[in-house]
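Each chain carries a letter (A, B, C and D) given by its place in the written order, and its residues are counted from 1.
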């Protein structure tokens, strides 16, 4: 497949981020909010990876982890590992899967030590979290982010020119005039009038602000941009403008996007591959079309059937999920979805299903699909959902 | 299981809201015209007077709500959807906002009667600001008049459920407040008429306990209802049901609890006296509301009657004074609180909440968004309103929760038959639940049509652009188009047709004057010069 | 269009966007009458202070402080002029001589004539200490000469306190964690001691120390110490305000964006945190400038004889002195009273005008800077 | 349950605060010359005047020191007893221990307070005891003015929020600003003057009461916390008639059994006297309240304005709740939390007003003796008293903050239930 030739930009492996809960009399550590719990995803050059899930499922945290805006509890994010290293990584993580719960080298059993050692040296070379401050600062230019809220993402006391020029200043790119020239280019690139440069953010509409945000992200010619719900605060009529700009830029500059959104139809329109998250874990990942045409995981199916479709003529029978998402502070045992799952089985509440590749490129973590590539899991899925 | 498996509203509430024959529920909005129309809004104008100038948020909005029909109001941010919703019952903050002119006909009454006397406007020279001189006394009076309609006839649910509930009161208190406001009479009468010691109560209890031991949920429910009928108070059915479903069911140790629960209907003299005086106050409020409605219909104040009522009320208050003393009040109120609590629980069941008792006892910050939105809906429907205004009810919720809420609303539409005004920016939601759509742009309704009609052949360029710009799950490789430019600022809106700066078909005439609303086909109104149908309104 | 096509640097520089913002603020301020009144009064008082600076010290001292020229007083006043009293009718022997009025209680009502004082008129009347005694001050001189010192002290205290508070608050809010804990605990400690009492203990300790070793002695050093004491009292308030602001700003997305493009902490604090959290500090400062003289007045009233120097009083102290002895007048008020209302009124009025106009101004400022009005 | 955890945690947070306050005072005290520290602790040494405390004396019976002269043995003994010859941290430990055990030194015999406060009975007494005599009066005064503050600030604030930018709002704004701007001593003096003149005009020259049958100057109606007993009444011939305080009113200051003047007078059936104490408190309480009202009013108004813009208020209106109920029940209860918090924050400012007020009205409270202690026109400052009363006031502030926190938790379920 062509994935082998297209090089990786960033690859996250077994990311975990726990936020401690303090409580009790002396505000001692009484538990963890498992925002992200063992997420692996990789983004290749020039492709858009969609990350969908309901609010509080940890998708935003994944994005911030992959830019090292927060440091993970465990796990690594590798920046541009070569193909051979990628292969080694896959092998190592397959070896280490049984010990996934003991991420640090000490507690792992002897047979895993070798693998862990090898992993460590790879990490020292490629992992974002092992990089020194200087190297990290240089990388910052390559890894950028566009935020959801266009109203708090621009400093109200800076004029647009300074906002967009700030990354350039930080990295000391060129002289002042060169910087402002670049700013003007960027403004053109995102389709804004250059004489907006002297205005303050509050003089712009949401869509314009979002484009300014994009311009700021582009300033340092990045390779990878995390788009954190870039359009969910915008109106549909403006949303399309922003999305199209993003697509254009990608085709021009071969950018890699991580497109985080809860809006599945936008994700479908934007991305090449999609990861579905539930309570801090990836439950299904596949190229866009297979995922949307026949989703495997019951949650994905429910999610898709829950999306309202702007067409009054068709009426579908939907899978109605009962109740709310459980709190990530106390995730249910076994499969985290079993409390709401329409196709729940006794095993679900005990064993946590692994994420296995049941079709080429199509991974799913569900007990309905115990068997890897070869057999026909979709039928099993249909029957299970129906019954 | 799906939301439709439970009764939506408890039977004993149907048609029990306190109201009088002069203004019957099935009265048409306007004396003349379609008797099916419950709300008739005619060129409503709402302006906001800010430092930067006069924001003409609504500039002549006209639409109708029909009985048992869901009308969707769709548009972009700042097009005035929510302002419309709030202007109908005058929930606009005043200052800075003001409903300037227009008529809202409801049960043959013009709700906005007397707007003109409320304020005088004086433009400030060489600035686009206007000096507003309000007569606060008149505005206060108008607000009081509105309280005759709010909640009881037209109730509203809001966008952000977690902030729309009062954080420091329990859910039961907040719904109970609405109940006492709109069903005070039936509650009090029910309490006074309860017969806890009737001979048939004993056997009913035995039957219930028998059913409770190993019985199915439905059987227990039926037995509880019978018990409630035996005691002549239906809310007791709910209480009894939850008592026997509680711990100790298997051994049937719940008899003492049931008997104790029955105890709350044995009113002591203090409580009876309290209830009676409470009843008198409620009656007075009812009369006052009737008077308000009467005024709004006749279009004339009746000061004499008001004086009479307020005099009686002050007398009542005087006699009611002792119940305000702390210890006494809590004691005297107890049965009433219990009653409202269990009615609340019943209502929460109605919106398919799995554990209504805990929810009723809980505080808003302990409940999830979806749960709170259900509570809000229950509260809004507690008074059996004719009209439910839902302002972006699902925007703050997740997709799966949104699906649940929409399901619930579809249900309510079929069962309760209230007219719903659904306000949203999401055309997909409209397509799911609405029967009619009104498309708003920059404070005006540019197109209104039955939902299928609109989605199949949108007429107004804006509606077309809007539909074209939605990414479709079912049409992945659809080219995403967008409407150029952005929403105009409403302080100095574009001349003529407000859409012309963004319109692909803009003609010279569009800049001169605003297009009239024309009728295309049977039921499809549009305001655009591209269409030459018969003119409905200027 | 592409990012690599070169666009010309747009011409037509606007003067400065910030200037527009100031104009906007001024526009909102202008709408507020009270704020304008406050502003004018402040300007007038500042003008008065500047005028006072031009008065040479060698002219009539504002008061006659012989009574404080003891050895066991709290503040040893340097260079006391020796009072000279002389019988009625005779010409004054020197410029510093007042005539002793014959009748007690010796109070002099506002008068523009030189009589009964040959040493210049008393337009605002006399300020009499110890109603029986013969020492009285020229209120007019006191107020005029008070102005510059009052303003200097007030502003230096507030600015100093605000600077400390700004820095510590920004550090506590942005770094968080242990630093935050420590700083805020210290702030709690300071805030739980009532302001004025804290100043009292500091000043009295300092006072005793000064008394012990003469190296400190000297009016200016005393004032310096007073100012320092007030600063020490004041910073916690600002720290708390700034920290609260910073905690809000820190969570804003634009800060994270700056971090995402590799800005270091120093830059973020400098460029983003501070500019977005100073306005409340300005408002608080403008409020506090008005309160400082009141507190100094309270100190003087409680018996600390704090005079910057023999020549320069300070508004707070003048009005406090005027209030100290009102009781004695009242005690003697059995049948016919001579109540020196003027000695309460004029200094008090100046003090009051200063404080209240500062308040009006800061209130107007708050409204003008309120984003809810801006949008 | 959570609420208890919350309260206990607050109480634990108290410990560092109190220790810190003591450390600050320790630093200040330590910077004093040793003499003053000794005097502060022992009032004054027997047989010695303070200024000769550490004079070297000729070595007739003593072993000479380094410079050939001998230190005064009492001085050395006292230095040793206080541990002033030990390293700083030991001194710190001593100091903290003493402060915590209310061993706050002794009132100096030479200070103004020692000579004149409480008819000169305070001299040589332990500071704690003296403060103990005076505390109840201050507490009663504080409670009275707190009542006034709450009774005025909350309704007025709500009103000015409801009628925003209308006359009542403007009036309350001006009032609050003048509260900021009027120094309490000036306000007190002016009010005192006005009332005395008024009373003199009404009641003629002399006002007679059951305590002082033949009348006394109007001023004395406002002077002191009790009617002045001795030689202030003018007999028929104008000669001073000496009346003395009853047995339960020691030194005319300390009343028994409770120490709260009004309560005690009532207990001993002296109704007019208990009323009189209240009347004497009214004016000072008003003056103290005025400043705090000014502070509180704006906060109440602003928080009320914010609350009234929140969604749930709109919900209540949409429910059809009458406007009055919306304001009092829905908005009022929510803004009350803010009010309480602000009250806690401004309590220190509130307490700080007491010395001035108690001095000007000559009320026998802690503030008065503090004012006496620093009244230093011709007397040494009484260090022990100053620090003691400051500590006491600080304790009051801290306790008040605790109470506020508990109230807050009680009012707001989000805090109570976490």
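Descriptive notes on the structure:
The definition used in the following text is that a contact is a pair of C-beta atoms (placed from the backbone, for glycine too) under 8 Å apart; a residue touches a chain by one contact, two chains touch by 3 or more.
Since the model is a prediction, treat every value here as computed from it, not as a measurement.
At the far end from chain D, in terms of centres built from Cα atoms, lies A.
Interface comparison, B-D against C-D: more C-beta pairs in contact at C-D. For this pair, chain B with chain C, the centres built from the Cα atoms lie 56 Å apart.
Taking the mean of the C-alpha atoms as each chain's centre, chain C and chain D sit 25 Å apart.
Centroids built from CA atoms put chain B at 40 Å from chain A.
Contact with two or more other chains is made by no residue of chain A. By the touch criterion stated above, chain C contacts chain D in their complex at residues 68, 70, 72-74, 185-186, 188-198, 200-202, 204-205, 207-209, 212, 287, 290-291, 294, 297-298, 301-305, 316, 319-320, 323, 326-327, 330-331, 333-335, 337, 339, 341, 344, 348, 351-352, 354-356, 358-360, 363.
Note for the complex: chain B touches chain A at residues 1-3, 76-77, 354, 368, 370-371, 398-404, 406-407, 425-432, 451-452, 455-456, 465-467, 469-474, 476, 478, 480-484, 486-487.
By the touch rule above, chain D contacts chain C in their complex via residues 13, 16-17, 20-21, 24-25, 28-29, 31-33, 36, 173, 177-178, 180-186, 188-190, 192-193, 196-197, 200, 205-206, 217-219, 223, 345, 348-349, 351-352, 355-356, 359-360, 362, 370-371, 374-381, 383, 386-387, 389-390, 393-394, 397-398, 401.
Taken in their complex, chain A has these residues touching chain C: 64, 67, 69, 136-138, 140-141, 143-145, 147-149, 152-159, 163, 166-167, 170-171, 177, 180-181, 184-189, 191, 194-195, 197-200, 202, 213, 216, 218-221, 249, 252-253.
For chain A in complex with chain D, the residues that touch the partner chain are 23-27.
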